[in-house]
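The following block contains the structure, expressed as structure tokens.
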Amino acid sequence: MDAPIIELSGVVKSFGPVSVLKGVDLKAYPGKVTALVGDNGAGKSTLIKGLAGVQPYDEGVVRFDGEEVTLHTPRDAAHLGIEVVYQDLALCENLDIVQNMFLGREETAFGTFDEGRMERQASDTLRSLSVRTVKSVRQKVSSLSGGQRQTVAIARAVLKKARVVILDEPTAALGVAQTEQVLNLVRRLADQGVAVIIISHNLVDVFAVADHVNVLYLGQMVASLDTGETTSDDVVGYITGTKTPTGATA
Amino acid sequence: MTTQGTVPTSEAAPDPGVGDLIGSGQEGGVGDQVRAWWQRVRSGEMGALPAVGGFIVLSVMFSILSPFFLTERNFANLMTQAATLVMLGMALVFVILLGEIDLSAGVTAGVTMCIFIVLVNVQGFNWIVALAIAFATGIAIGTFIGFFVARVGIPSFVVTLGLFLGLQGLELMIIGSGGLYRVQIPEILAIQNSNMPPWAGWAMLVVILAVSAGTSFWDRARRARAGVPNRTIALVWIKLGVIAALGGTVVFILNQDRGQSIRAVQGVPIVVPIVLVILWIGTFVLDRTRYGRYIYAIGGNAEAARRAGIKVVLIRWTAFIVCSSLAVVAGLFSISKVGSVDAAAGRDLVLSGVAAAVVGGVSLFGGRGRLLHAAIGALVIAVITNGLGLLNLPAGVNYAVTGGVLILAATVDAVSRHRAGGAVLRT
Amino acid sequence: GCSGGAGEGDGGGGSDGGEAATRACVILPDAASSPRWENNDRPYLEEGLTEAGFETDIQNAQGDTNKYATIADQQLSKGCGVMLLVDYNGAGAAVAEKAKAEGIPVIAYDRPIEGVDYYVSFDNVEVGRLEGQSIVDGLAAAGKDPATAKVVYMGGDPADGNAKMFHDGAVEVMEEAGITPAAEPPGVWDGDKSATNFEQALTSLGGVVDAVWVANDTNAAGVITVLDKNGLTVPVSGQDASIAGLQNVLLGKQTATVYKPIKLEADAAIELATALLEGETPTADQELEDGTPYIAVTPQLVGPEQVVDVVDAGDADPAELCEGEVAAACEQYGISG
Amino acid sequence: MTTQGTVPTSEAAPDPGVGDLIGSGQEGGVGDQVRAWWQRVRSGEMGALPAVGGFIVLSVMFSILSPFFLTERNFANLMTQAATLVMLGMALVFVILLGEIDLSAGVTAGVTMCIFIVLVNVQGFNWIVALAIAFATGIAIGTFIGFFVARVGIPSFVVTLGLFLGLQGLELMIIGSGGLYRVQIPEILAIQNSNMPPWAGWAMLVVILAVSAGTSFWDRARRARAGVPNRTIALVWIKLGVIAALGGTVVFILNQDRGQSIRAVQGVPIVVPIVLVILWIGTFVLDRTRYGRYIYAIGGNAEAARRAGIKVVLIRWTAFIVCSSLAVVAGLFSISKVGSVDAAAGRDLVLSGVAAAVVGGVSLFGGRGRLLHAAIGALVIAVITNGLGLLNLPAGVNYAVTGGVLILAATVDAVSRHRAGGAVLRT
Amino acid sequence: MDAPIIELSGVVKSFGPVSVLKGVDLKAYPGKVTALVGDNGAGKSTLIKGLAGVQPYDEGVVRFDGEEVTLHTPRDAAHLGIEVVYQDLALCENLDIVQNMFLGREETAFGTFDEGRMERQASDTLRSLSVRTVKSVRQKVSSLSGGQRQTVAIARAVLKKARVVILDEPTAALGVAQTEQVLNLVRRLADQGVAVIIISHNLVDVFAVADHVNVLYLGQMVASLDTGETTSDDVVGYITGTKTPTGATA
């Protein structure tokens, strides 16, 4: 197996009195899909927000391509080629779809926007995600349905060629067809050598798409398995805490 | 910062021909476009429309109440009277779009003008050098505010209120108690008191038409190159026609002799093209550059903007600098009109400036509004003073009427928006 | 001089007929520094000018220099035969210049303006002198040595030109008597802030004060309340002969208020305007430094004995004046409601 | 409105004994509670703490600069000088919590006092009747604002700016030719100028302690009845002890003779218990009644509140009425202090009132802050004027220092909050 | 079968130029779970927001217990006993869990809050939904994870005895155990005679819990079926538009 592109070790994070991550390790490999699962409130989103530079970790080491890096701001993460779809989407409701998709990476010519090119690319990317109900790429995000918004957020993340793509419950609000497209997309990204980290509560999806699965339980990484060598029931056991890291069933 | 190509999508979707694109609202003929616009308006996206309506209603009212209202002279008066507020309103838009406020913008205008004129009158500076120092001071003030708001994180209301007081102190120290300095620089006085020769007014209109046509066709060419649909070309002609007709009327009226003495007074006041150029540049920046886009993004959702890698602190910071710099221009307009500066210069301006923006449809919560809206809002407020100035009312009544009309103008706005958007929050 | 009005032409103003020529345009400064503008000057000028055959156009700039310029534009576009300007923070000068460029005679009313034809006013420095005098007299009556007396100076808004003149006049007289300020808080035209400012000055003086020079009645009222609270009665000055000021004078809480019989000032201005319109060049007994002819109307110091004069002149309603605790004092000083 | 029982949950979960409850932060001993509090503070929930810090810093500064600052007399001065701003700040909290603003609150105070005093002095009304009319006017003004903001949907900035102008006109018309009226009502003058007898100060403290103990024990009893844990009882004793110590010190200081003449001046100024009662009632309403809770909910997310069936329009509307009514009280404090009313009463108050709230930690975006915060913020601002008033600085310097210190005070606040919360938005 | 408690007919709704619901009919029965499915942007949320009084319909008739009713405000719906979990949750982030759960229906004694009783009930209800990571019911909603928030919204809706409970994608952000609890809860509510309308993209869940399933396609109701008489594939066909109302496969 290749060297991991991302390697977290001993990551700790607390919010005031609440200690959320208690020394977590995680690896992600180029060309592989790494799933991160766990109960509600286990700390999954907190873990990836740290990777995204949104909420820096309190302690712990992050290695990227084997080098130790600091991720203090989202810009730090972007410079490393990390793209993220956040669970809360993080879209600007007052802007339209194209503006949101290209936010921070607008196409310009002579310093001014090349709206045509951006519209074109937005439209192409959205269609590849099976979006059929969006009437116009110039619709404001505030007028989109929950699933449409999620699609925009995903489209935004895959617009730019990234080295790592992190998806926090990307299909939660999606319909059947859209979910399938996103899973295809995830696989395609990995095949192109991108390291994908996906958070999901849907184990069927996880097993369909992931190479590895990591289970977070109350802020601790209790299992790190190859999907080929484990079962859905096992994983559920780890998630709910009935199975413990030693392998004994509680 | 440029994209290095998108994820190939051809595997998942058929080769995307133009016909397959998701719409962009540019499709259809004139009829479709007008219908779409009307439906947007009906669903609440009214922009400055209600303010324009308010302006028209007030104009009709005043022209009934005073025979002097609808004269060429009064029309020219209105332009110069509104200029200061228009500038200040536009200055404030940059920070209001971020959901911030600058209560010190008025005294920034005042204090920089105190410095400017004292340097010229007392220290004997060359006026251009002095003006440069005034602008530098404006920029310094904006930098100061921006530092505390964007970097330290103090609410802008408090920082700028502190500065509102502090700069008044500075004015007093510069000008001295009871002090007063006359503006004697012909170039500065000319801004509000002289007019362009009639031919220059027409030339200005031609330039406007050319720039407008130029950008329209450039945009169309770029869109065509990208393979996305363009609005029907008829709309471009209609737009140019409207500009020509409206602008032609304005220039024509202002080119009439409005003097009441033997010497002819005619032409477009010099302040008008200055305002138009700033309006155009500002709008260009807000609509077509990253800087402008990021201002809207931060105003809409600062955290989302930050996550998109936008330098939120930098943009916030510089927006205050832009605001303060444009406030200096407003100060120039003001002293050109008033002819002097004193230790209280600019004290009472700022609330009207904010009101101009709000009446024009700029949201104080950030993320929504345009420079043009503030300009139109300022015209609405200026026309109140202009019209009432023709009516000879005692101060008490004048105050009350000004306040009442302001509320009325805002009501036109609110009611039309709500009627259209559906009274969502009125339970 | 400069080219401020360059675009406006300069010949025979009011040329579009007799209608404009008989219009008297008046701009008042604000409503906040003193109630006199709206409540005294406006009615007197309105009545007097109309009687003199003018059509009047009186506006108030509401304390805003931009509004001041706007109002001037509006008046000039309607046409003026003569302009009476009360300056507000320097806005008057440019207007005067514009008007003169249109050939309209301009009278600076109450506050001096550069480059006008005439200046009609109470002597503002004299107002200050009278205030100062009332402090000096008050100290004498209390048997205090001016040289050692603790006198607090409570001036008006330093951004207001008149405030400086009041200050200069008062200081002139008080200095001559050997008084030096024991404390001088920042000036304001605001009763609330005056009260606080004075309270702190008093505290910093260890609660000892012998007199307070106060620029006007509004500020004096705040000062007096603080004095009352501390059980102190010392000489206090003021101006405007407002109801409260007169009451405080009658009650012995304020030494005197400077009464500016506004009707006299208004009448002088109206007379002048009429003469100017008839092409005369009336002579004035005084001149400002820049040579502007100056018609000075004398202000009057009103102690308890003189309150009755104000009532007789119709500038105070005895019913309002002699209300409540003041009734006895009214009787004492011969004011009948 | 009462719930008719919850869905039985016993099938899904074991019978919920107390031990199984999800925590509520009330568990643990004194040490735990203090630690938890400290961690809350460290993570940014500082409330009025920074303002208290600012107050202390300023006090230390001024007591170094002037020997008069730390005197009983100046302490009493500060109470009465701050009273108006404290009231106005508290009034504004009700609308600021909704994310709204009332720029007319100051002139509302002014105009209602004009009406009050003119009715008494000129019309000869009984003062109680006149006061009732003044309050009715305040309520009418609040109703007017509320109608336009909550019902019509105009931004409160514009409505209240219009009223700010309109009410100044009204003041002018009411005050008329008298110009300035004395306040001659002993009861009104007493508010700011008389003191309670020393024993009454102690009695007041006892009442405060009793009420505080009463509510604490009542709460504990109710919680016990519901079977949820109570904070350790030691905290109640600590709280009462702190109140007794602090309050005792204040009362003791104020009961000293601070007169500088033969007459003894001593006791707690009458305005103090009035402010405390209003603060207590207001806090009670905001913390413990539906009305208050709904204000916070609307300020946090108006649409969510509406979906929860809250009458958003009604709450918004009445909040403006509460604000205007409390502004009338602020007006009373002000005229009691000044002893007169004039046509410009209250004009310059409102920005300081808003600043008081913000400096105290109330968010202008709504949903966050308490009455006590505004009161402490007002004390911070009042202490600036109070301290500078002892230093005899020229006007220009005074303005500049006031502005600077205001920014400084806010910086203390912002920096401590951010240092704690992590510089989330500072990219 | 009982008479429907809710009966929509000919419901039409547009936003400006976008026509979202084009004459939709729907019935919900007491004691039954009615599922509403459809593609992203099909109009599901819009349909139930009309029922909740949040966004009134433009046209169409709503019958409740056979009577025609108007639903102009959320209060109208609340008075009829309709409780809703919105897709966007509609919580006040500045309030804590208890305050959110009881918003608009606070327990009071003598006009002031009975915080103890509310805490108690909040805690009980949350625990019944398998929440294990919430430390304190006094936590602000702003500090909750996505799944924790969704649980609070659901708990809020079932706190009060309702006649109709509408859930818009209630399990989208939930973990495995929590999802199971919510589905149990749905069934239990129906058994108590409540009419439940549930929107979900997860057809496994739909088939597990629902009695009827209604499919919305581009603003039109293309199918209304008993779960017992149809298959997942059929439903997917309707959702994606490959099957049309006439039954012919496109």
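Each chain carries a letter (A, B, C, D and E) given by its place in the written order, and its residues are counted from 1.
Please note the rule applied: contacts are C-beta pairs under 8 Å (C-beta built on N, C-alpha and C of every residue); 3 or more make two chains touch, one makes a residue touch a chain.
This structure is a prediction, so every number in the text was calculated from the model and none was measured.
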Would you kindly count the fewest steps from subunit C to subunit E, each step being a jump to a chain that touches the current one? 2
Tell me which has more C-beta contacts between its two chains, A-D or C-D. C-D
From the centre of subunit A, which chain's CA centre is farthest? C
Report, in whole Å, the distance between the mean C-alpha point of subunit A and the mean C-alpha point of subunit B. 42
Counting in whole Å, what is the centre-to-centre distance of subunit A and subunit C, each centre being its mean C-alpha position? 73
Just give me the whole-number Å value for how far the CA centre of subunit A lies from that of subunit E. 28
For subunit E, write out the residues touching at least two other chains, lowest number first. 15, 73-75, 131, 134-135
At least two other chains touched by the same residue of subunit D: list those residues. 168, 172, 303, 306, 310-311, 395-396, 398-399, 424, 427
Mind pulling the subunit C residues that touch 2 or more other chains? 31, 38, 158, 187
Between which chains is there touch? A-B, A-D, A-E, B-C, B-D, B-E, C-D, D-E
Across the complex, what residues on subunit B touch subunit D? 99, 103, 148, 150-155, 157-159, 161-173, 177, 302-303, 306, 310-313, 351, 354-355, 358-359, 364, 394-407, 410-411, 413-415, 417-418, 423-427
Within their complex, subunit E touches subunit D through residues 52, 54, 73-75, 78, 84, 86, 90-95, 98-99, 103-109, 111-117, 119-131, 134-138, 158-161, 181, 184-185, 188-189, 192
Which part of subunit A faces subunit D closely enough to touch in the complex? 15-17, 55-56, 73-75
Given the complex with subunit C, which residues does subunit B contribute to the contact? 68, 71, 73-74, 77, 80-81, 84-85, 168, 171-172, 177-178, 180-186, 189-190, 193-195, 259-265, 334, 337-345, 347-349, 382, 385-386, 389-390, 392-396, 398-399
Quick check: in the complex, which residue numbers of subunit E touch subunit A? 15, 18, 38-42, 45-46, 87-88, 131-135, 143-148, 151, 169, 172-179, 201-203, 218, 236, 239-240
